[in-house]
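First chain written, first letter: the chains are A, B, C and D, and each begins at residue 1.
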Amino acid sequence: MIKVGIVGGTGYTGSELLRLLALHPQVELKAITSRAEVDQPVSDMFPALRKKVNIRFTEPTLESLKACDVVFFATPHGVAMAQAAELVQHGIRVIDLGADFRLQNTEEFAKWYGMPHSEPELLKQAQYGLVEATREKMKNARLIGLAGCYPTSVQLGLKPLLTQDEALIDEQNIIADCKSGVSGAGRKATVGSLFSEASESFKAYGVSGHRHLPEIEQGLRAMSGRPVQLTFTPHLVPMVRGILATIYVKLNDKGKSIDLQALYEQHYNNEYFIDVMPKGSLPETKSVRGSNYARIAVHQPQGRDTAVILVVIDNLVKGASGQAVQAMNLLFDLPEHMGLEQLPLAP
Amino acid sequence: MIKVGIVGGTGYTGSELLRLLALHPQVELKAITSRAEVDQPVSDMFPALRKKVNIRFTEPTLESLKACDVVFFATPHGVAMAQAAELVQHGIRVIDLGADFRLQNTEEFAKWYGMPHSEPELLKQAQYGLVEATREKMKNARLIGLAGCYPTSVQLGLKPLLTQDEALIDEQNIIADCKSGVSGAGRKATVGSLFSEASESFKAYGVSGHRHLPEIEQGLRAMSGRPVQLTFTPHLVPMVRGILATIYVKLNDKGKSIDLQALYEQHYNNEYFIDVMPKGSLPETKSVRGSNYARIAVHQPQGRDTAVILVVIDNLVKGASGQAVQAMNLLFDLPEHMGLEQLPLAP
Amino acid sequence: MIKVGIVGGTGYTGSELLRLLALHPQVELKAITSRAEVDQPVSDMFPALRKKVNIRFTEPTLESLKACDVVFFATPHGVAMAQAAELVQHGIRVIDLGADFRLQNTEEFAKWYGMPHSEPELLKQAQYGLVEATREKMKNARLIGLAGCYPTSVQLGLKPLLTQDEALIDEQNIIADCKSGVSGAGRKATVGSLFSEASESFKAYGVSGHRHLPEIEQGLRAMSGRPVQLTFTPHLVPMVRGILATIYVKLNDKGKSIDLQALYEQHYNNEYFIDVMPKGSLPETKSVRGSNYARIAVHQPQGRDTAVILVVIDNLVKGASGQAVQAMNLLFDLPEHMGLEQLPLAP
Amino acid sequence: MIKVGIVGGTGYTGSELLRLLALHPQVELKAITSRAEVDQPVSDMFPALRKKVNIRFTEPTLESLKACDVVFFATPHGVAMAQAAELVQHGIRVIDLGADFRLQNTEEFAKWYGMPHSEPELLKQAQYGLVEATREKMKNARLIGLAGCYPTSVQLGLKPLLTQDEALIDEQNIIADCKSGVSGAGRKATVGSLFSEASESFKAYGVSGHRHLPEIEQGLRAMSGRPVQLTFTPHLVPMVRGILATIYVKLNDKGKSIDLQALYEQHYNNEYFIDVMPKGSLPETKSVRGSNYARIAVHQPQGRDTAVILVVIDNLVKGASGQAVQAMNLLFDLPEHMGLEQLPLAP
């Protein structure tokens, strides 16, 4: 049994980890920490876990966590950075669901996150974690900076196009128009996330610059080996879970000459969690809700030279806690889908 | 392995059966029927099932179903009535999620459902199925008329009060103010169930008389052994899944003298799916979504003599397909919770 | 032109006052105060008001408000209490949308609101404001404690029954099962009001005791002239606006002998904003959204002796800001519906 | 007083016309037709109109309509085509909210709408109606084919860029990623528009080709006088009302050299209903709900050469019935905003 700890268990990615790990046949939950909630039963905060999760919150100390084989950080940026080094030194694997170990460039980190990176050496050892793209490098990593939610959707959507030897598209001119449910903003009380504000409305945000932009561009460049430029516009959808990425690429002559549907199907043929849907499909977020699947469809409207790629994931599962469990399975040599077989909840 | 058939697989209770049965370790899905969709892959209609459910719809004939050990009817009233007899004769167990075998009195059936009951003899053999209330009688039943969604919530909420030797409340004066998500209305296209009609609004319906009223009163009388009278008001909540029953009872002197919280806790102590929450709790439908749990809380506001019992279930799971699987497990001597261990999806 | 000031303009009742007053032909908006937002344009916070409302927030001082004929307090309890006396002394009419001047009994106030009432003398001069019930007494009031949202719905629903010389119902045994949209909780950032918490879920709250209970009982006693006892259960609906009150009363012999429909129709015959719907109607909150109407329907299910009264209002309009404007019209001898003629927005 | 008729009053654009026209000071509603609902009070179908709209549905015949000065068709395509000629011959102005008189090219119409155009001659007399773009030509039109909802949002967003002498952008490579509330699908009962299908989900539709594409391209070409090519992807948002168009354009050197914010502000300076928001703004659909406003913001992320234009409208108002009333005001020489001054309903 893998002994698991969770730092920061009071947010949505924390409770989602609990939901998934509670049924994982190879996991023993040892500790979940929250400074503010020490000694409170986790199920008092999350009644959905009653009858199945009986653990209480503890202090976020090494003491609480040192018996673990792996520790998940389900925390805002800045927290894992401060605590991960100690755990790694003790031989504990760390999977950070936050942003501290995603960007390789500390200047970029400082620019986008408004704080210096306090662990540049540790960052060098960290491995970016988007399983379908970085699987091999993750296997022996001691510290994983798990991909963000939007970056997961956009990178999965573009990977078959960008991992070819020769460019198929104008790689300087990619547009990712992304839409996320409100749970992406977390469980922090803010006016903008109130029901009465977010419900029955729709808006873009972060248009002039969102923290996931450098992460996505870094990932796409790594895939392509060539410079890549993206316009990324996130939007807030009045729903709880789900991301749809609508990606626009301009095909070049090479790109126009190939069968995109076949390219995607072949590329993802062996991926358990990637569902390349039949030609003409229109994936909806509900079809992946609560599950670790990504569903992808490729369109080429009017036979013109702009291709439209549609990707749906559950932002809290494949975009966060599910992918974290998938990464843990990978680290511990278990089948990647262990504990992740639940079917989506629809309707 | 239990060989399972589903008649009427294109509605929400049908797709929910598929979601649950696909992961049930002792079930082999043999057939799912839909006259209109013959030969279509089920996952074309329900993309959430892609990669896990590969079966196609077949004709609703004995031929399709005769290899099954058990057949679920996930159909409007009138359908099971017409087809169940033949299956029962072939030794196939039948679990009807519809209304055909709920009311014992054929005149009541005719009055509330607007059609005569065509199988009065078969009806006599049928057993009403609300597992926590009728478990023993269900075990050897060949045909189960599964409890409706509202009746499940109201009966679970009142059972500890009504199964005492002596009345604890004014049993002639019970009020059940019930609220259901829109999926309770099914997957049929009607104006009233449109997003633009049901969203951002709230209303009562069936106030002057709803088909679940006689079913609930029949069940409560069976529990109490005394006459019981109920005012039942269903309401439509702008959400997909979930029922909250707010039940008002007038305590008599005997009722005022006992500890209601203890009564409920003891009564349901051994029930896997019933969660009597601590005093003062306010159960929310989200805490059971996608799961087979019922959560119950008991209040006695201002210490006055009206008690308020709150019950939440997922109408598609404990109120329909989950309870159907629970019943199947019971019929085939499996642990009741097999295949039903998923945790609720919240948020 | 009536010169109007608003104290506390950053919540939903404040912005709703602005929406209504901006089009009122006899109103000149002089000041809207918010300590935190001084000098900010109101429309920066509420972009829906752009192009129509050009005023900026000011300090909540007498200086800001003394040029006004009437001042609305759209503030949490405690604020109006502290500031109203000074305004009243300056001859300014005050309409408090908060709770400070609703309960006549200061001990009750202290018990339910957790703070002593600092202005017991001023409270004696204050008039409770539910226009259809207290119109005559309001006309010359200098200070109005406007009815709360739930109290408005419940009192309007019961008034025809309780204002008869002889009791028609068991007045000790009334049940008001009420459901409100999330805007009733205000614009304050709290976890419970987050979209991801409140959406796709339903729950009761305040079951063991809600501040509106003593207010409603006080109002009902004033109507009836006899003791009245109520069980009041509020619920949270995943929608922004709207209240539905489902009220259960036990008819006595006198009550059973009369035509309830006729009673309600006659009682409200001359009320502009009260719509007694035809027999069998099922009012939905959407049918009053954005408007000052209350729609009421009366049912007597199965011809039994429990009557069910359904009332819908928009909690932010008839339950708060619309009723406030209606009260202002009354104070200044204008037609009650001036500035309140907008039709409901549906769908 | 303008005598007004409405053909097809049972859909959302029909009921929205009623909501707006009921308060229009210069309108007398003479007739509203619905073959299926003849003699039924309109307010039985739309209880939100009770107490204000007392008219009944009549047969859609010339008899019903010939006393009108103007007739609105709030009908699916094909209906206005069949009936408009007769009305026009009688000197009645016709405003078609449907699609019959939008596309000038009958072959395009046949291709996209799956039926031949039966009135090619009448079509030649028809004027496309997007007031801010085609005002002058509309003034004397006898028959107006009102712009569709998406086309209104996209054309308003691009007009300042495309009406310059010299191209500012790559006009062959425009992307409009559009999102609409479910009311855009109308009041017809279809499975896809059910609450349980559309709620808590998000998807694209019509990706391979949507009827509004040729209409938008026709309008943009008319503005630019040059060839224009668009990729248009509509999406379904789980809300009732509202459209957000996120438009991506590639600036050329000329475009990069100008101040886009100033361009937009100057261009729309005199338009009552167009609100060019300050730099950096993020318009949300809620800020225009129920009103005839369009709010627009212009962004140039990271100073790169892709500009992002955001446009919000209420699809049922500026995208349909409100624009229809605006057009009527124009035809009858009234101020364009008469009857359209309601402020948006937010929250």
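Methods note: contacts are C-beta pairs under 8 Å (C-beta built on N, C-alpha and C of every residue); 3 or more make two chains touch, one makes a residue touch a chain.
Note that the structure is a prediction, hence the values are computed from the model and not measured.
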Item to check | Shared interface partners, meaning chains that touch chain A and chain B | outcome: C, D
Item to check | From chain B, the most remote chain by mean C-alpha position | outcome: D
Checklist outcome for this item: Rounded to the nearest Å, the gap separating the Cα centres of chain B and chain D is 45
Item to check | Centre distance in Å when chain B and chain C are each reduced to the mean of their C-alpha atoms | outcome: 39
Checklist entry - Taking each chain's centre as the mean position of its Cα atoms, how many Å separate chain C from chain D? => result 37
Item to check | Residues of chain D engaged with two or more neighbouring chains | outcome: 12, 181, 183, 196-197, 199-200, 238-241, 283-284, 286, 289, 346-347
Item to check | List of chain B residues in touch with chain D within their complex | outcome: 12, 181-183, 185, 187, 189-191, 193-200, 238-240
Checklist outcome for this item: In the complex, chain C touches chain B at residues 173, 175, 177, 179, 181, 196-197, 199-205, 207-209, 213, 229, 231-233, 235, 237-242, 244, 246, 248, 250, 280, 282-286, 289, 299, 301-302, 304, 306, 308, 310, 312, 346-347
Item to check | Touch list for chain B against partner chain A, complex | outcome: 12, 15, 19, 22-23, 46-52, 183, 199-200, 240-241, 275, 277, 281, 283-284, 286-291, 293, 295, 341-347
